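To keep things simple, chains are lettered A, B, C and D as they appear, and every chain counts its residues starting from 1.
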Amino acid sequence: MTNGRIRKEGDVEYRFTHPDDFREHVRDRKGRAPVPKLVTAKEAVAAFVSDGDYIVYDFSSLTRGPQSLIREVIRQRKKDLWIGAEFTLHESPLLVGAGCATRIDVGFLGYGNYIGQAVCDGRVRTYEWTNGGLALRILAGARGVPFLPTRDLLGSDNMNVSAAKTIKDPYTGDPICLVPALNPDVAFLHVHQADVLGNARIFGTNLFALEAALASFRVIVSAEEIVESDEFRKDPMRTTVPYFLVDAVVHAPFGAYPGAMPARYEIDLEHVDRLNAIRTEDQMGKYIEENIDSVADHEEFLDRRVGAKRMQELRRRATIIEGYR
Amino acid sequence: MARTVEFTDTEFMIAQGARLIEDGKTIFVGWGIPQVVAMLAQKLYVPNVTQLFEFGAIGPQSVLPFVRGTMGGPQNTYRSLQWLNMNWAFSYSATGYMDYGMLGALQVDPYGNINSTFLGGTFRKPERRFAGSGGGNQVASHCWKTIIVIKHEGRRFVPNVDFLTSPGYLDGPGARERAGLPRGTGPYRVVTSKALFGFDERSRKMTLLSVLRGLSVDEVVKEMAFRPLLAPEIGEIPPPTDDELRVLREEIDPARFIIRGEKMSAIG
Amino acid sequence: MARTVEFTDTEFMIAQGARLIEDGKTIFVGWGIPQVVAMLAQKLYVPNVTQLFEFGAIGPQSVLPFVRGTMGGPQNTYRSLQWLNMNWAFSYSATGYMDYGMLGALQVDPYGNINSTFLGGTFRKPERRFAGSGGGNQVASHCWKTIIVIKHEGRRFVPNVDFLTSPGYLDGPGARERAGLPRGTGPYRVVTSKALFGFDERSRKMTLLSVLRGLSVDEVVKEMAFRPLLAPEIGEIPPPTDDELRVLREEIDPARFIIRGEKMSAIG
Amino acid sequence: MTNGRIRKEGDVEYRFTHPDDFREHVRDRKGRAPVPKLVTAKEAVAAFVSDGDYIVYDFSSLTRGPQSLIREVIRQRKKDLWIGAEFTLHESPLLVGAGCATRIDVGFLGYGNYIGQAVCDGRVRTYEWTNGGLALRILAGARGVPFLPTRDLLGSDNMNVSAAKTIKDPYTGDPICLVPALNPDVAFLHVHQADVLGNARIFGTNLFALEAALASFRVIVSAEEIVESDEFRKDPMRTTVPYFLVDAVVHAPFGAYPGAMPARYEIDLEHVDRLNAIRTEDQMGKYIEENIDSVADHEEFLDRRVGAKRMQELRRRATIIEGYR
């Protein structure tokens, strides 16, 4: 069930949920009790992603991205998705190429000619919020306010192809930009460690991990490693997201593949080059068939399409450990 | 000592960009070529520059070689002063802590307005669509001095950008402030593969400051779809130094993935 | 089995507050007595309640005894799920994640509006000045159900508060929503040292629900400067249990700094 | 030099700095170069705190508060200070009692009868922003925007004795509260570890440490321990504030005394009780004379008024270490 409302202003559509409607979802549909939520990716995507949903994810295509969850969304051929595309290189072309996504809030549209051509062909509609604007919309959602102000976007054409508004600031009298809150239907977070309840830890920087978890109707965490719940209480500064924001936990070693997981494994540049090279429907179809449709799940993908030897090599290459703990 | 140096247009653009960065200052670095410029600068010229990236790395000291396409990987994030997130990163720039911003561009106009969204057609029916702003809009809006790094090709220097992704001086003097953008900010330099431009203090129009040694002003200006202002004296930019080329070719990009380009030469 | 239990008014107030908290829910805990209520509740009744504090502790499990006056020390912060800061803490309540809020008060009016700022005189010339909102305004504004914990003294239950520090139902039904406060929130219970009140669904006025065993409705109501509504049936609240008193006296506050007060007794 | 401007609206005064004016201060007066900034408390307060300044601090009177800096402000008898009082118990009575502070933004006014009586006597003016409102004002300052919106304060009397405003939200049509940005003249942060450049680390929660550092014209860090600069680059997730926000670093072991420093030393409850008991001018005068004026600095205070034995005992009592690293 898609929760957010679509608004239309002129030629621009945007997702907006009244903060009170989001709050009622949180009150009635998000559990506070510590209960195990460990499920398979198949179960998580089937239960928590619906056609028409708005999806955001953290971090990037090449680093700590929730790639196994994105592939599962494609495997299940969710339809008419709306993507908050930030630090996207390959997610948007793949989701559009598979027929899953029809609208993209940009952000960064994605890498390569395929996605650009899809926009030119009208197969996907875009709205231009910019990276900072999207991050701020999610922060507004996370703070329970209907908008946040910013001193960028002003003067640019992005203002005309988004629902950002200019008002007169009552304190300075100057023009200021407002962006509306974004409450995505689903946030995907790929993390270093999680427990079965949903407590989750990221090492390194993030785009808006806690913001997205607070702002989203549903949160799916995929984790390289499942750890004991007690770990989080021993070290509360390291907790990125507490369990009660999270709806499902998926154990996904190599879940960021072909991207890197800092301090765990490096990028598979050869595989990334194959993604970067996709230009035609035919190439897109072949990639999806080989890497997604012809394997039952992430485990089979790793086993049959990546292989233990390559995984070992990518682990070996991850030599920068400092700071990621 | 004079001798002919051979290099690519990309190498020259990166090298002259690196020479512009001040030590002991802060710079907000955009995706792609600006990352390489910052790496070269920090390696050779400005050990105490603080780089900042929109993904929340404050002051990283990149591990070389550069892993192409990455932004936010452990190599780009190594030995930072602080790891945060995007909303915090843009708080540093919004409060005036970023002295410089450095961005690439598809198109730039005489006021330094940047297009990185589409070329030709209309927004809804573009002829070619590109990645869009990323964080470029914020960098160009917040930083004190924005440096634009762009290949010197005629189709990139246009009287009007097809889409104003990231603000330059908009339509002229005072326009940024009237729009509500932070006072006293705006484009500072345009670094190209042939020349260096600034912006006239009065008219806010792009002004040719200097050209690669051996090129004439006409050779530079004819490859632009608008005529820039000319500084009273046009300077001469030396080609990449041996050190610059060595660091670029051996340390930053040994696979020559980024620095390849059109071959050029000049007297070193 | 009936026997007389002796306790202080404070002990009774804390004990009956602790019985109201639901397990597996979240509660935003205010400074002072609410902290003690939450400790007692978590110790005896609701091991899986998630407490949240404005200073950024999400889900701490306090170390006993309570160090009086502290909020944010290692004892109050121990074994949290997450340590953040104030703006994040209020983001959890603003997005609807806080089921309950619990606050003390100087004064409360029939609509559950709280004064914790001053008594008598005017804001600029008060007769007695107190600490003010702290984070109480946010708790009372954001949480789904606010529980007010207050000594049962006539001067505290007034027709109009001297200063509206933290919002109850303001001036009646729909007023919170009209003011822009989050829909469906408001005061839920008033826990006193003699009785328990709720709020009438229709009129939003304070309604006596139950009284300490052995007290009459009149004994409770006469010590209020307004007349509350009365529930169709007034319940009876048992005095503190042996367990409640033991945990309060031996584990939470062995120095009897907090739990001292007027002596009371009731049939246990 | 006091940087922020005072505005008056009706009976309410409030500090407000146009974001552009703050930005110009940051451009021209805050250094980015990594230079040593280690000074004594006396030097830091003399150089960076002026009469008329607006001061904020983090964390609380009883936990990790910058008490040695507050005492130095009193020792130097700075005048006409305006205090952003959040988690204050003793700072506001002491600063008012010493004749240093004349305005307080509340927050939490402070503990005990002394400060309440000072308000009743008109010796100090208060404005009511609430804790959440003050934290949000500082966040606005830290984000470089002139205001931030919130869905609290609405309907309360705080709206009348602060400069919070109600506007109609353009996205929902509902009323929403705006609070103006706060850019304090000075922020005091007491931290576990700092280097001589100003990089600083706090272990545990904070009120608004990074916000206050970004929002304030000047930042004074006092640290229990001075560590090597390299420590910060080895562990960037632990950095609370990077050096270029900071103007002065003071080495202040036991700087939070009589409050606690988590995992280092516990509260001195006997000393706190003496503070709590202050009701009269005479008691206030005696406390200040004995603990501040009659000792040259923090080191002499510790040596002659606290003593090594008590310090050792307070260290011994700090048994909760878990998480504070």
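Please note the rule applied: contacts are C-beta pairs under 8 Å (C-beta built on N, C-alpha and C of every residue); 3 or more make two chains touch, one makes a residue touch a chain.
Model, not experiment: these values are computed from the prediction.
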Handout entry: A-C against A-B, pair bridged by the larger set of C-beta contacts
Key = A-B
Problem - Gap in Å, rounded to a whole number, between the CA centres of chain C and chain B - result: 58
Exercise for the section: Provide the C-alpha centroid distance between chain A and chain C, rounded to the nearest whole angstrom. Expected result: 40
Practice task
Quick one: report the Å distance separating chain A from chain B, using the average Cα coordinate of each chain.
Solution key: 29
Problem - Cα-centroid distance, chain A relative to chain D, in whole angstrom - result: 38
Problem - Two or more partner chains touched - positions in chain D - result: 19, 144-145, 150-151, 169, 174, 176, 204, 234, 236-237, 322-323
Problem - Touching two or more other chains - residue numbers and ranges from chain B - result: 57, 77, 79-80, 83, 87, 94, 142, 182
Exercise for the section: Draw the chains as points, connect those that touch, then say whether the picture is a line, ring, star, complete or other. Expected result: other
Practice task
Just spell out which pairs of chains touch, all of them.
Solution key: A-B, A-C, A-D, B-D, C-D
Problem - chain B-facing residues of chain A, complex - result: 11, 59-60, 62-63, 86-87, 89, 106-111, 115-117, 119-120, 122, 126, 128, 130-133, 135-136, 139, 150-158, 160-161, 166, 169, 174-177, 204-209, 211, 260, 262-263, 267, 269, 272, 276, 318, 320, 322-324
Problem - chain D-touching residues of chain A, taken from the complex the two chains share - result: 16, 18-19, 144-151, 165, 167, 169-172, 174, 176, 178, 180-181, 203-204, 234-238, 322-323
Handout entry: Residue ranges of chain C in contact with chain D within the complex
Key = 31, 54-57, 63, 67, 69-75, 77-80, 83-87, 90, 94, 117-118, 121, 123-138, 141-142, 163-167, 170, 175-176, 178-182
Practice task
Please give the residue numbers of chain C that touch chain A in the complex, ascending.
Solution key: 23-26, 48, 50, 57-59, 61, 77, 79-83, 87-88, 90-97, 99, 142, 144, 182-184
Exercise for the section: Over in the complex, which chain D residues touch chain B? Could you list them? Expected result: 19-20, 22-27, 30-34, 141-145, 199, 210, 214-215, 232-234, 236-237, 239, 241-245
